[in-house]
Amino acid sequence: MENEARTRILARARHGGRDHSAQQIRQLREGLGSAPAPVAPSDDLAIAFMSRLINNGASVACVPNRSAAVREIADFLYRHNYDRRLITANDPKMATLPWRDGGILPRFATVGDKDPVAASYGHLGIAETGSVLLPSDRGNPARNSFLVRDHVVLVDAADVVANYEQAWARIQANAQPRGLPRALHFISGPSSTADIVGHLVQGAHGPVTWQCIVIGQLPDDTLERARELAGK
Amino acid sequence: MEPRHSERGAPSPHVGLFVTCLADLFRPSVAWASLTLLERAGCRVSVPSAQTCCGQPAYNSGDKARAVPLAKSVIRAFEGLDYVVAPSGSCAGMLKVHYPRLLEGEWRQRAEHLAQRTWELSAFLTEVTPLPLPANRPDAGHVAFHDSCAGLRELGVREQPRHLLRQQCSADIAELDNRDVCCGFGGTFCAKMPDISTKMCDDKLKAVSATGAPTLVGGDLGCLLNLAGRARRQGQNLQVRHFAELLVGDINQPAIGESGD
Amino acid sequence: MQQTSDNFIAAATEALHNDYQQATRDFLGQMAPKATAAARANFGDWDALRAHVKRIREHSLDHLAYYLEQYEAAAQADGVQVHWAEDADALNRRVLEICREHGARRVAKGKSMVTEETGLTPYLESAGLTVTETDLGEYIVQQAGEPPSHIVGPALHKSVDEVRELFLRKHDLGERALDGPPELVAEARTVLRDTFLQADVGIIGANALIAESGHSMLVTNEGNGDLVANLPAVRIVCTTIDRVVPRAEDATAMLRLLVRSATGQSVTAYTSFYGGSRREEEQDGPTETHVILLDNHRGEMLEGPFRDMLHCIRCGNCLTHCPIYVAAGGHAYGWVYPGPMGSVLTPLLTSLEASSALPNACTACGRCAEICPADIPLPDLLRDLREEESQQRLNPRRWRLGIRWHARLLRFPRLYHGLSRIAIAALHRLGRRRGAFQSLWLAEGWTGQRDFPAPQSSTTFMQEYRQQSRQSLHSQKAQHDGE
């Protein structure tokens, strides 16, 4: 019966549409080109990316190397009154971080129902929106991104692209033989809601604080310029 | 009658005045003012007697079948004239935007030809035949301006009447808060859904009142009758007039809805 | 849900008398247009984006069958079970069947207007399931037993005090202050945690379907949608056939329009793309995934004059730009979709008979069409619906006949001008002293709340003009004779 519904729905769709071959349809789509992207706040990708993150309510740090990144995580844990234990997913980039430099004891796992904090490693950043991609794979359980109260996300400055179009090109280029990851999460800041009288509250069902640590040899004033652009 | 010639020797454009039914019935001074302004701008003006109404009430009520003959008779009445000018954004928009949609085949072509020649008064007097400065500039004083939706969105009439009011009669124009929001008239809407319409009208009158201007000026009699009628009911002391009346300095007679005695 | 659209006018009047809610809506009507206008301005070439997405959507609709089949194949290859539902009932039944196959008792829902449209929640509840809306706004209206009043902010009509009272009554958590939005949000977060963790089935909607990859796009700020999509063992995506676009970049192009028009943000906290079930190496994610493609009149709309409505991206921007929505409030529209988009969709998805007031809830001001990110000519579509009403004689006979006779008279200029001369002379004489009428026969709709300005003169313009032309002819003749 459902099969009949499918047939009827597709028949109506066909009737209300145009009759073209698959090749013609591909060509027609090709002919429509790409969408215009928004005006970037800065030509410098890292600055643009970080200024968007700040606008999105994320807290942002900028560090020159992996050792400094670990110390930054340690600092984050200290500021939020956590001990030095941290759950991170089983991601190769995470596993090889110099954890001792920050005195952190990582546990490579998926968060339990009550675990309040986790760290993840983003696959790329998008300057257009200040988003970090966390795809589904063994290194990124969704629970670690959505169930915790505080989430720390690392991303390499070298992995920041300008816009969605570039992000998709990169994702497709990196795709496994099986195709794209089954889930792609672009996360741009802490969860929020304005559902009660339009009053913006940071921290709805997902993380309340969301810290992004950008790792790369960037000019010293990068973060400062991003803050200025964000007006904060 | 010989066509008048402008200084450069080009024949003066022959303009058909689309009076609009509301000006015809309720506010002849708006039509007279329009006629005066067009002549002052160097136009030869005719007023085809076969015109009645643009057909909006039927068209907007979903009775397109009955709007069609009205559209055709307007097209016929104004054929052969260089331009059609209306002191109303909504009627001009009906001719310019909606007639071509309403009609088909050969009539659509004729409608498109009419559409190309149709102008709202203030747009015509700024973009086609600029209005020369009068010898004695009347002083319109402090006025609030109401944008009518059809003129604003269908025809892009926004700055033109403001420019004319400043240039021709030194108006000090107060802008309304939420100036792009409808006043609640909407043709038959105001009678079909009076409570909602009144709320919208009150919001507009509050914005007018906040400017402190004693006069409200606009370019569409539909909106102005609505606003004047509600202001009177509420006892709000406000003079409501069409901008054409101010441009010709015709402000001694009663404002819309005011007593003549 | 029980449709009450035919009660629009009375419900709007009632809403107008609720001072608190009217003030809230006025505030929303002030702020939302400002926020979305700023977001559009900051984008850059907004019109080019709007035009591009419109071409993409038009292309997608032109080849809807092709893209739906492509989507289905790609999703199935990723392990998604794709179902087709022709109407609301078919979707609801399918969801219930899936729940039953898994012996599910608890269902968590993300925000989905499609399931509001099909009435899924009450359907599942009547079958004995516990269904919890997890979007905060949806949760509030579900607890209050009300429908959403806005498609993006379902509970924006509720005051802080109302939500507080509601939570104190519904959550058994003892004495507490709960005196502001942050406290209320925190409590909802705590309460709903167990829902996410214990649900057997998660139901979400989709903002777009990507034909090429078989993914569905979900755009949210709260994170509830992603918890619902990832934590329960079974995920069901409920969406409609018109959501499909060719490529991932087409979905994100649409996303640029959507977020700016919905909330004035440049991005939401979460944008997720969901395909199939958990893969072997992964540690979480659902073990079974379903997508239900609902038609429910979309296929019919594809062919008729209302095809443009299929471009709607459900941003809600036309609602807050519409002064009638701001005056009447979302509930007055009496069904799922309010405001201008709702006034078009409701008659098309239910029936014109049941919602004949809605196409009339429009002054044709055009503000909605001006800002619509999908460039839908909403006032024109509403006029088309009024035409259908008129043809089907669904509008009041008095109106229909009035318009008809008026239009007939207008076809005879001499008769019209003659009659109007008589009428205007009489009206002028009657109204001259006051300048306006406080009541007028046949114009009660007008004079109920405003005066009716009297004609300025005892003559019409056409009459005066003819007299003057005649006089000037006479004087020219006299001059001529005198020479």
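Order of writing sets the labels: A, B and C. Residues in every chain begin at 1.
We take it that contacts are C-beta pairs under 8 Å (C-beta built on N, C-alpha and C of every residue); 3 or more make two chains touch, one makes a residue touch a chain.
Please read these numbers as outputs of a predicted model, since none were measured by experiment.
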item	value
Per Cα centroids, the chain farthest from chain B	A
Chain whose Cα mean lies nearest the overall Cα mean	C
Most contacted chain pair (by C-beta pair count)	A-C
Mean-CA-position distance for chain C and chain B (Å)	32
Distance from chain B to chain A - Cα centre to Cα centre, in angstrom	54
Interface residues, chain A side, partner chain C - complex	2, 5-6, 8-18, 20, 22, 25, 28-29, 32-39, 52, 55-56, 89-90, 110, 113, 128-131, 136-138, 141-143, 145-147, 164-165, 168, 171, 178-199, 201, 203-207
Residues of chain C touching chain B in the complex	9, 12-13, 16, 26, 30, 323-324, 327-328, 359-367, 369-370, 380, 383-391, 395, 399-400, 403-404, 406-408, 410-411, 413, 416-417, 420, 424, 432-436, 438, 443, 445-446, 448-457, 459-462, 464-466
Chain C-facing residues of chain B, complex	19, 23-29, 31-32, 47, 49-53, 55, 57-64, 66-67, 69-70, 73, 101, 149-150, 153-154, 178, 180-182, 184-201, 203, 225-226, 228-230, 232-233, 253-254, 256-261
Sites on chain C touched by chain A in the complex	24, 27-28, 31, 42-45, 48-49, 52-53, 55-56, 59, 61-66, 68-69, 74, 77-79, 83-86, 90, 94, 134-137, 140, 153-156, 158-160, 163, 180-182, 184-186, 188-189, 192-193, 196-197, 213, 215, 221-224, 226-227, 229-231, 241, 246-250, 252-253, 255-256, 263, 266-279, 281-285, 293, 295, 299-300, 302-303, 307
